[in-house]
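Consider the two complexes below, in which chain A is the common component and chain B and chain C are the respective partners.
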Partner chain A sequence: MSNSAAEEKPSRFMLVMGKIKGLLAIILVAIIYIWSARGVGFSLIEIIGELPSFFNLLWDMVPPNWAYSIRLINPLLETFQTAIAGTILGTLLAIPLILLCASNVNRNNPLYFASKGFMNLMRTIDPMLYAAILVAGVGLGAFAGMLALMFFSMAVNAKLTSESLEAIDDGPLEAIEACGGNKLEMIKYAVAPQILPTFASYTLYVFEINIRASTVLGLVGAGGIGVNLDTSLNLFRYPNAAMVILATFVVVVLIDHLSNVLREELV
Partner chain B sequence: MEIIECEGLGVTYPGGVEALKNVDLTIEDGDFVIVVGLSGAGKSTLLRTINRLVEPTTGTIKVDGRVINNLDKKELKEYRSEVGMIFQNFNLVNRSSVLRNVLAGRLREVPTWRTLLGLFPEEDVEEALSCLERVGIKEKADSRADELSGGQQQRVGIARALAQEPKILLADEPVASLDPPTSHAVMQDLKRINEEDGITTLVNLHFIDLAQEYGEKIIGLREGELVYQGPASEVTEAKFEEIYGRSITADDQLTAGGEADV
Partner chain C sequence: MKTSNTSLRDYEKKSMKWYVGYFVVLALFIWSMIGMNINLERISDGIPAMGRILALMVPPDTARLESSVIGMIETIQIAVIGTTIAAIFSIPVSFMAARNLGLPTAVSTAGKQILNAIRTFPSLVFGIFFVASYGPGPLAGVMALGINSIGMLGKLNSEIVEAIDPGPIEALEATGANYPEMFLYAVIPQVLPEFIGTTLYRFELNLRQASVLGLVGAGGIGVTLMQALQFRRWAIVGMTMLVIIVVVTILDYSSAFIRKKII
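Up next is the complex of A and B:
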């Protein structure tokens, strides 16, 4: 006997309905796109019209001002110091938040939901927005940038790592509980060994994001190489701007690659 | 002398499932007791209620003459350190060394600041090593736990429980993840420790041949109710069929081809 009822060919009606659904979906996406494009004033004619001046700008950037590169060493260093300090502080702050945001470690429901809410709230804010707010609060400069990356790192790391933490094997946690171990001992002997490689990998990942973010923090006055880019563009010193972009590109690619290699070693 | 006395013990899980119903039970000091029953009969709940990993809903549990239902947090940790537990899936930290896993059994003996820094006193390390020696895997102390075979991992689990210097050992399906020869070896280890140290031992099993071979006493659970309590020698096949509520099949026996992971 065949189980024909389940495997019966879909009827003509169902086929037609499927096609109509697909068509409706395409129309819907098209409508949303047109609405968005009109909102930003998108126009092909304008793009074509602006092409010459765009090429002029590129032309003005060539050759980059190689001599300017020497004056970029300190801003570049500051940029990466911002990223490193922000990542380290954010990671330290993330540790308690990770533990509070994992339901298998934090069994106090109200505290768990409060922590998760806090973490999600902190995560909705982009590092540039943090930087803009913090510049207003603590003044222009790399310190504001570092604080911005700190908050951002904390929230992102807490989100990623706490989700992985909730998926670890709970057996060892139960074993420590059954031995009469306390919460801290459970964390040290059952949680940490399981989550540390993942945590380290996410920390490097956040560091990579921070390195990239740190290069543009200067656009809102939060220090680093972005300040030089902002100034060069505002003063129409395009060869200088080209040098900034080139230097940033080279160093970011290098660090990204290094971090990637490290990360692969960990997993 | 009774070491464990349960009176009217009942456990209802938050979902409404009644895992244990009005269980009256006494276990003598030094007994080697096998708890049998189908999966879902409440074997695991019974063991976990004894060390309060599961909270009793009704009734009382007395251990060594003391009611353990309402211990405060500190007393509960103290009490749990006197009860060793062995798990079906070993519950070791795979990435940690064997020695470190066994040292977890010493947590209650060592101040927290020391355990958090990993500074166990020499005598506690010695104790952990001697527990490993008793289960025959001292030379594996520095290996990572996941480098060991299943049988060796379960021995690490036993060593960890022994390191607690417990009065009671609870083994929850300790051989369900192991092949038949290894199952016998682990059961023999448990039995030997019971005989040498006189530690009261409760073992959950679902293989009736293992239960008859190793058990001195047998407790039968069926749908959360205690349906048998007595010497293993008096348990006939008919009695097992009553406990299981159905006829005995090959799957209920380790040697008759019942597979480990059911």
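Up next is the complex of A and C:
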């Protein structure tokens, strides 16, 4: 009895504290919202008032210029190639980074934190930004786009897979170590069999992200169908732009579907 | 004996599949690399050119620190409001798209398809159209993120709704509760923390998106970045990138921290 009475007091105190905390959180969120809304000039009147011009723009795009679709085949193929090459190169680069970013494989603390920091740093930058800088360095075209996707997908894949890798069963790793196996043997016989299906699945996910990203890389001159979107919009050829968007849509949906089928096969 | 034979055959079939997979990936890779028009000259010119650009970014132009921070603040604000608009709209859509709330299958299928369609486009495409109709500025960015994020948030949230525990719903049903009561007392308490989690996750993604929306004129730090890139002012590019990296990292950690606390 005395025990439960002793527990009651702090619990009531905790309850009040919890309420105060909740109230503070709500006030903080409200302040963030008011600050943000003022910063972006948020006004419902403007949003609703400008909606007709948005729909007019969409209306200008109907019907799409079907004849333009033939000229989109090559850019679409280039978009594919950019995404495929970027994903594969990024995945290859991700392999060492994954191993370095997993605390159960890489037990060297400074190296672990350095790799993790590098991975997180690479991930903060959007592929479009990489592309914009790379275009200045290696010139216009899909090559810059491929490199941009490579850097970004390396970081994203390394983050996702290394987090899964840290959650694998450590038994086999310890078993190999106990037998006197070295790091490479441990990776080959204990890590790889456990992580490969997950890694493949994340790679497909990254590929889906890259397909979407590769369709707009052309806006900064990094090749693919985005170039056609950019020129159509700059010349106010809205039916052409509509065709680009329609073609992109069909392709992305197909790739997503294919990727989902493959992923279910894997896991 | 028989079972071990079938499992062996299964195993062979499976490893066969992996070999076919490797071959297809290799073929696709070679085809793609051919399309990239890579030659020795591009690489031998490209590496020193990239090196020069990176060298010019260091040290960053500290005179532009203030304007970069102001741009980044606008980027954060765009991400906050855009994510919130999407979160509000995604809630009814995600309940509509969930299969376990007794709504007709046609409704949930239609809901899922709409969400998939929205998810197909990168937010930059939405950005272009909102800039064209709303004029350049942060409001166009807000609308782009607001509409674009409904796709992913709706999808994730509807999956959360589909994974809820039916126990409380059945318990309320047994006591004779009506549909709104069941919804309010059995569904909402179960999904709310996870909804907040997905919204915060989307906020992290939107922050990165908002940092480049300025490339198409939709406000934020991307506008400064775009001008610096056009005029090849690499020290300014370095400054803006530094601000992006620092701010995105801090907000990522805070958001992940809050997510862990909530769920």
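Going forward, the second predicted complex is superposed on the first by the 237 of 267 C-alpha atoms of A that agree within 3 Å, B and C clash if a C-alpha of one lies under 4 Å from a C-alpha of the other, contacts with A are read in each partner's own complex, and residues count from 1 in each chain.
Here is the rule we use: a contact is a pair of C-beta atoms (placed from the backbone, for glycine too) under 8 Å apart; a residue touches a chain by one contact, two chains touch by 3 or more.
Nothing here was measured: the structure is a model prediction, and the numbers come from that model.
Undergrad: Would you sort A:Y189 into first (chain B), second (chain C), both or neither based on which partner it touches?
TA: first
Undergrad: Tell me which partner A:F80 touches in the superposition: chain B (first), chain C (second), both or neither.
TA: second
Undergrad: Looking at A:E166 after the superposition, I want to know if it touches chain B, chain C, both of them or none. Which is it: first, second, both, neither?
TA: neither
Undergrad: Counting touched residues of chain A, say whether chain B or chain C comes out ahead.
TA: C
Undergrad: For A:A178, using the defined touch cut-off, is the partner it touches chain B, chain C, both, or neither? Pick first, second, both or neither.
TA: first
Undergrad: Using the superposition on chain A as set up above, list the residues of chain A that contact both chain B and chain C.
TA: Correct list for chain A: none, the interfaces share no residue.
Undergrad: Which residues of chain A touch chain B once you look at their complex with the stated criterion?
TA: 169, 171-172, 174-182, 184-185, 188-190, 193-194, 197
Undergrad: Show me the residue ranges of chain A that touch chain C in the complex, using the header's touch definition.
TA: Within the complex, chain A contacts chain C at residues 32-33, 35-37, 39-43, 46-47, 50, 53-54, 56-58, 77-78, 80-82, 84-85, 88, 120-121, 124-126, 128-129, 132-134, 136-139, 141-143, 146, 212-213, 215-216, 219-220, 229, 233, 245, 248-249, 252-253, 256, 265.
Undergrad: Would you pull the chain C residues touching chain A in the complex into a rising list?
TA: 17, 25, 28-29, 31-38, 42, 45-46, 49-50, 53, 73-74, 76-78, 80-81, 84, 116-117, 120-122, 124-125, 128-130, 132-134, 137-139, 141-143, 208-209, 211-212, 215-216, 219, 225-226, 229, 232, 237, 241, 244-245, 248-249, 252
Undergrad: Show which residues of chain B lie in contact with chain A when the two form their complex.
TA: 51, 53, 76-81, 83-85, 87, 89-96, 100, 104-105, 107-108, 112, 115-116, 157, 160, 164
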